[in-house]
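What follows is a group of structures, each given as structure tokens.
Next come two complexes built around chain A: one with chain B, the other with chain C.
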Partner chain A sequence: MDRNQLAKWLKAPAKMGHKYSLHAVYFCTGCGIIEVPPVITARWDAERFGVIPVATPRQANLFLITGYVSVKTLKAIIRTYEQMPEPKFTVGFGSCPINGGMYWDSYNTIKHLDKYIPVDGWIAGCMPRPEAIFVAVTHLWTLIDKGMADGYKRYRENYKYYRANQEQLYGTLEWPPLFPIEDKNE
Partner chain B sequence: MNKLKETLESAFSDLQVSIPEDDRLTIIAPKDAVLSILSFLKSKGYEHLALVSCVDWIEEEEFELIYILSAYMQKDDEYTDKEKTNIILKTRISREKPECTTVIPIFKNAEPYERELHELFGIHFEGHPRLTPLFLEREYKIPPFRKDFDTREYVKKVFDEIPFVEDKIGQT
Partner chain C sequence: MVMGVVEYILSPLLALIIGIFFLGLSRKIMARIHWRYGPPLTQPIIDIIKLFSQKSGSHGSLFNLGIILSLAGSIVVVLFMPFGQMCPLSSSGGLLVILYMMLLGPLGIALSGGEGANPNISIGISRKLILALGYEVPLLLILLAVMTHYETISIVEVVKKQQHAGWSFISLPLLLPGIAYFLILPAILGLRPFEVVQAPQEIASGPMVEYGGKFLAFATIQHAFSLFIGIALFVNLFLGGASNPVTFFIKMLVVFILGLFINAAFPRFRIEQAVKYLWRWPTLLAFVGLIVVLIIRR
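The block that comes next holds the complex of A and B.
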């Protein structure tokens, strides 16, 4: 353990725990997932940074969206995200989740991921190099330190709007709301 | 391959058979003859249906269905170059009333291809057991792979209409 960080550990042990045990849910969307196997295996060894892939969203707290998101995949993404325990962090990987990328006029690819689920950080590029994942992870550490990686809080607070956007895209959703939606107008 | 070409021309009328390249045989056939040609080719050893595809010729108001066949390796000295040959069977159907008979009785693996074409081009395959949605989640008024489907207008209407959550928070 780094002695310089001892004060931080004593001050906020939970935060430091979140920082150094980012468990990524092994969820593949689009082409970016091809960068992830070298990242988690010996060549780049993501475990140096405390990032390991886990099999189920129940054990994960980092969600990498690794590429273009089709309408059908978004449904799976929302369900996976809602199953993850808090605190949870989402990182959009590649230019497609940011604004559609090369699929900006596609009939079946959503353009802005952050309209449907909150996103804590973006990695731009098509494709980003594996090193970019580590840059993102270290940035995420800074954000967690400062309490700015608050996507899950925003999701809880503004769930009404996120749910409304999801329903606008799909018509009806097959699952009940995650948080109670209170209508202030009534 | 020339032998196969002659056999095809003698067995069927109004076919246009050509050999545009080595190891490639193109057949342009009317819609009604597709089933009999495919079963004939299957009996000749071309047992692998590699692809069923479609092209939208919007100016001619026609869809072009394309079946690509090839053969598995086998010891047969009748057509020695058979293993390498791709057979491309093309047929035109009208765009107004896109209907065609299914080829599932001959090639069972045509089922997902025909479902895909039904979903993306709106072609109705008669006799297909389940023409249900395959890939797409939403319903489209015009099937999205047709040339008159305007993707930009669709994107503007559907994805760009959804507001950013930050804007919504700012309003209240």
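The block that comes next holds the complex of A and C.
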């Protein structure tokens, strides 16, 4: 880990801050959460990467979707994601958020997470090893450096698409839109 | 005159640097105790830079003003606190002012959090104020013992008299109040046996629940100041202050690392256990110490 990047720090302190201080919201969506306690405790020690779990979405900027996403959990995921301050990064953990994984024909889980919230990166595998989280974090650093981790911007720009998908799943949503939905055609 | 102005700026700045250094050191030392590598020492600075660059939602004007009140209160207490020979305001105030102003920190956070209207915040605030009630009783008795022994309310005078007569922590009459202050020090600093206010596992970091972005950055800075204040008061009252900032810093470091070991070894009290403990042992020690001081003065 190269921490002696003074020139980069002086040039863009905010970007470097976002890179090296990823606070993950500690939210158990599925079975993948079992890999997270070893990662944040003494065995693998995520804190040396600046990754620590925080208790509330307001303080977090990294969202790990760990494992399958049931329809009921997705509602909580969307609300948690919308409460996080920008810039925020989402990482899908395991094969279930990517394409349904072993729950591909389940009536009760969603198959493609990126239809409902934007995702910046994926960790494939069932289960991925804890080391895969560190690989993902270092990849996320590269993406932030190049300005490619722009899920929160995509969410704002394409909010109409995401909101339509969410409403298609739930019928009506009981919270107001996060961003104003204006029709560009009118 | 110029020296005075420089001291007004330099003293809070040094306090901030020391407080943030302590935050980083605490994370590193806790990591080493857990047999981990731990974050770099600069991690709190990185966090603060990140938090200031985030977008943050507000919950109303009191939400914004409360956190500023808390920060301002802490800065004022730092101005009253002698740091080595540097003491911008301490000649005009004394221990009583410090005692009053120390309450502004929790009070500002309570005001600010109240606007957030989150149930976890209400629980956190009630715990914070109950805990403050818990440690204010022994703290009052301790300060009373110190003031009676040295016949002054000025903290500068206390430091001066200790430099002639030796540390009050190792002199007989003030030994018991000194031990009592060390026992309530984790409660003042919010370290682990008394970490009931934040308690991330129970009430999702308590009053901080709705803080994101700049608010959390200000709360972190306020926490850094409160670390400085709690330890500096102990060093000034019982470890003889210091004639230069470097010695003062080393004394603070020793006290803080001892506190960290307590933090690493103990689990969390429940709030009523915390108050029961605070009102039993430290209060008893401080009370006996006060009586000893009175008897010796006779």
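What to note about this one:
Note that in this section the second predicted complex is superposed on the first by the 180 of 186 C-alpha atoms of A that agree within 3 Å, B and C clash if a C-alpha of one lies under 4 Å from a C-alpha of the other, contacts with A are read in each partner's own complex, and residues count from 1 in each chain.
Criterion: contacts are C-beta pairs under 8 Å (C-beta built on N, C-alpha and C of every residue); 3 or more make two chains touch, one makes a residue touch a chain.
Here the structure is a predicted model, which means the values were calculated and not measured.
Of the two partner chains placed by superposition, A:I33 touches none, neither chain B nor chain C. In the superposition on chain A, A:N165 makes contact with chain B only, while chain C stays out of contact range. Of the two partner chains placed by the overlay, only chain B lies in contact with A:K72; chain C stays clear of it. In the superposed pair of complexes, A:N108 makes contact with chain B only, with no contact to chain C. Contact with chain C, but none with chain B, is seen for A:N61 once the two complexes are overlaid on the shared chain.
Using the contact criterion defined above for the overlaid structures, shared-chain residue A:M127 touches neither chain B nor chain C, since it reaches no partner.
Of the two partner chains placed by the overlay, neither chain B nor chain C lies in contact with A:L143. Contacts of A:L178 after superposition: neither chain B nor chain C is touched. Residues of chain A that lie in the contact sets of both chain B and chain C are absent, per the superposition on chain A.
Listing the residues of chain A that touch chain C in their complex gives 3, 13-14, 16-18, 20-21, 23, 41-42, 45, 47-48, 50, 54-56, 58-59, 61, 84-87.
Put simply, chain A touches chain B in their complex at residues 70-72, 75, 100, 104-108, 110-112, 114-115, 118, 154, 158, 161-162, 165, 168-170. Taken in their complex, chain B has these residues touching chain A: 135-138, 140, 144, 149, 151-152, 154-155, 158-165, 168-169. Taken in their complex, chain C has these residues touching chain A: 27, 31, 34-40, 43, 46-47, 49-51, 53-57, 200-201, 204-205, 208-213, 216.
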